[in-house]
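Have a look at the structure that comes next, please.
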């Protein structure tokens, strides 16, 4: 492609030909780039490499572990359809399907989500695993479903979010794609962040469902992820279930806070047909401060400085189990009746994709040991290197 | 890169330099695009979000579920070698390997396929999961292997397809990558669609194999995917096995049809050394009509209109179990001896990648209940949103 | 974009405009290419389709199998951070997480690796699965951990490699991401390949760790991957553990060789509190010759000819179990006390991404059968088609 005029053509004609030639070549490359799936497919990877150290021997096993290792495949068919397939390879899950859904845009601000995904019942639950302020979600996470299969309608504008949906009724802390009974759950959430409130957002979520002799029963855990409460082996969920979950978020300058309360009620039965309607409650209050001056927000932190951003975080949380459950459906010598936890943390956002977290959490239990004795306090020092591509 | 002539150079010389410069920049970008793995790797995603409703209580659990959620990695090394790795994350499979094979081109129309893949014994079985006319394959799918590991030679031209192969002998409806015994299966298929037949294609497939005290036994299912037939626990496959499977396809304008018959024979033994050579048979006849005027075909439908394409589908199918099996190798009070099913469906091809399917299927059983009684008819209403990227 | 001068503009002005236009279009495309995740993400696929044939009936099951089927996601955040997520779908692993780590560059030649990855204790163990000279690693692979979660510091320059790390202490032949006890393992390796040694590289690796009543016990296997040694069911690892592993590599022209020796000691206890400190040893010596004249190396072979490269390989190996283990912690009528194996192989590197391997291996055992009798010799003929994208 040298541009040289020979005796028969004027230099201008040669230049014109060359430019036309370049246009053609360019069009070919541009078209290849445009039609390529690359433009509409995003492949992400997400790694959390953790270390856990328990202050007291016997309350847990000190270990390195891969808490999350995910390959995230998201894409767009056209302006109306997008999707996500997200398997989890970490945490001994080895390919367990987390999300698999299609988003079908039904209006400017509205869409249907169909498949398996997070229900909007827990505020922190729907926060992305990469943005979490602590290594583990707070105690309220015990009383909301992890993920559930169904269909939800989402509406979202600048100040408001509304979700209404129906799903299998997976159950508290359960991540499941199939149902064990015919009955379902309906849920809704409304959240509003009007300018007049100056950084404050308030919302409320709730669900109503039923179970029929369903053996999928929750277990409750602390940040150590040890099971501190389990229902007896012969217990089934059988009857009406409901949740109510008010929450707030607040962001102002370097300061951020959020809080949520969840009440989850279950109808239980056992092998001797003893019925109980119980109601477990949990709450958490979380605050964070960007030491290095960045604006705090619910989303990703982008450091101002080359040295990254520093953030201190603190959390108070409680889980309270209905005492009626210990009559016939759980055993207080193995299962706790109350947890109070305090968590302090320091986060280093190395850049907007790499984060180092250090947490110290003390959990104080009622019951869960020999009669009249409490389960030993849990003191957990944990650290994480997180990379989110 | 502004193009401005200064006093020392003529405008033509400047233009010439600029054009040469553009050529060079272009070559760099073009090369990067060409050498990129992107050109030779295709990553697909496939989601089927289903809902199932059983007309009669007790015949099945109404549920939302993720029927398929796949990440599909295909690529090309060069003109001679291509490959596929396809794990399944849906349907509680959580990373189960479906396909993993290498295609090695050995001629213009011929290639070897090596690894784990579908055997060509069922016509509908080898149809891509994204093109299926119904939510579930028909009853013939019970009598052919799902996938098997081995090696196959494929020949394909405009009118003919030939496959010859050898594999582990996975067994009817079994998807397995390893063998339980030393013996193998050989299979072949020939299919022809000559112009003289005017849209009609006919084919026949068959297999001959052996098993030696192999505990991998099939179970048979309807579209509800409930197991309606299982061999007794002490039964083993031990001896000669064979299948014969003629089939046809027919496409003319908006109309499409296909049909297949499968006879699968097994040699069984049990813990008391009772032997039986049994032969189970199944057939299905399927028709479809593109309401919105598109040309019907075995492959993907591309809608003519912005509103998508509409298709009605219908299927008749039967599975007949050899009565000799009930003497000592299966129990007719738990396993059915015959299924007759009728399926009607309406498919909306929203675009060429998104499809909505609604099916209604009635299955009528012989036996499978208390002595002399038939398993309850199964009435299944099911719906699917499918996205195939 | 035709270039035509009209009456009002000179041809030169038109050309100038067109060239500026091309520059602008080019910049847009270039920017899209540069900012695309594509430049920093590499997705690989790896397939090994194997066939195994046992000369003597009864020593193993003849089978086709998918030995490895991996989707490999690697990426780079910036110059300092890169990562890998590697699940295994083959070998019935169905999504088991192999690697999940972050590399954090801490200097020109140094980096931290954090997550789950291979410990540097076995020379052949850290060789990529795609470069292996044989279908299976040698007997030394029984005495080193497969993968372990923790943190390691790596230093590497032209002639030297140093690794120092701490990990969960997974145990010999174990691939695990979580720990069963509080104690850990520390390991180190140094390897040097100075020019003065003319192609010879020598290294030594070692580890020191402890276990506390840990039930994760190794099993030992040959290339058939049949378990030929297992500890008794009541045995636990409880006490100090250590490994020492010297090794060498040698490459000169078409010839290549490597060898390694591993001694692994364990402290065992059982249900009757019988303690034993045992030391198992293994070694292997491997040679290869590029028949087609390519330069031999530790890395990937790129064939000179269009017909690919041909390589013959041979291996001698031994595994020797401490006889003290048979007093109370293993049973010599089921577990062998010694293996001697000879392996011969022929490799066809079809191109630098496709390889065909054929191996013949004879393993001779001591014990492992009725009292005073040896387990039958294992004669294994195996073949593989490997594709590595």
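Order of writing sets the chain letters: A, B and C. Residues in each chain are counted from 1.
The rule is short, and it goes like this: a contact is a pair of C-beta atoms (placed from the backbone, for glycine too) under 8 Å apart; a residue touches a chain by one contact, two chains touch by 3 or more.
These figures come from a predicted structure and were not determined experimentally.
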Checklist entry - Taking all residue numbers at the chain A to chain C contact, is the shared part over half or under half, that is, same or different? => result different
Checklist outcome for this item: Rounded to a multiple of 5 degrees, the Cα superposition angle from chain B to chain C is 120
Item to check | Rounded Å distance between chain A and chain C, as computed from the means of their C-alpha atoms | outcome: 34
Checklist entry - In chain C, which residues are in touch with two or more of the other chains? => result 12, 15, 19, 22, 26, 29, 33, 38, 43, 71, 87, 89, 94-96
Checklist entry - Which chain C residues qualify as touching chain A in the complex? => result 1-3, 11-12, 15, 18-19, 22, 25-26, 29, 32-33, 36-38, 40-41, 43, 71, 73, 75, 77-78, 81, 83, 85, 87, 89, 93-97, 100-102, 104, 114-116, 149-151, 167-168, 177-182, 184
Next on the checklist: Per the contact definition, I'd like the list of chain A residues that touch chain C in the complex.
Outcome noted: 12, 15-16, 19-20, 22-23, 26, 29-30, 33, 38, 42-43, 45, 47, 49, 54, 57, 61-66, 69-71, 87, 89-92, 94-96, 350-351, 353-354, 385, 387, 389
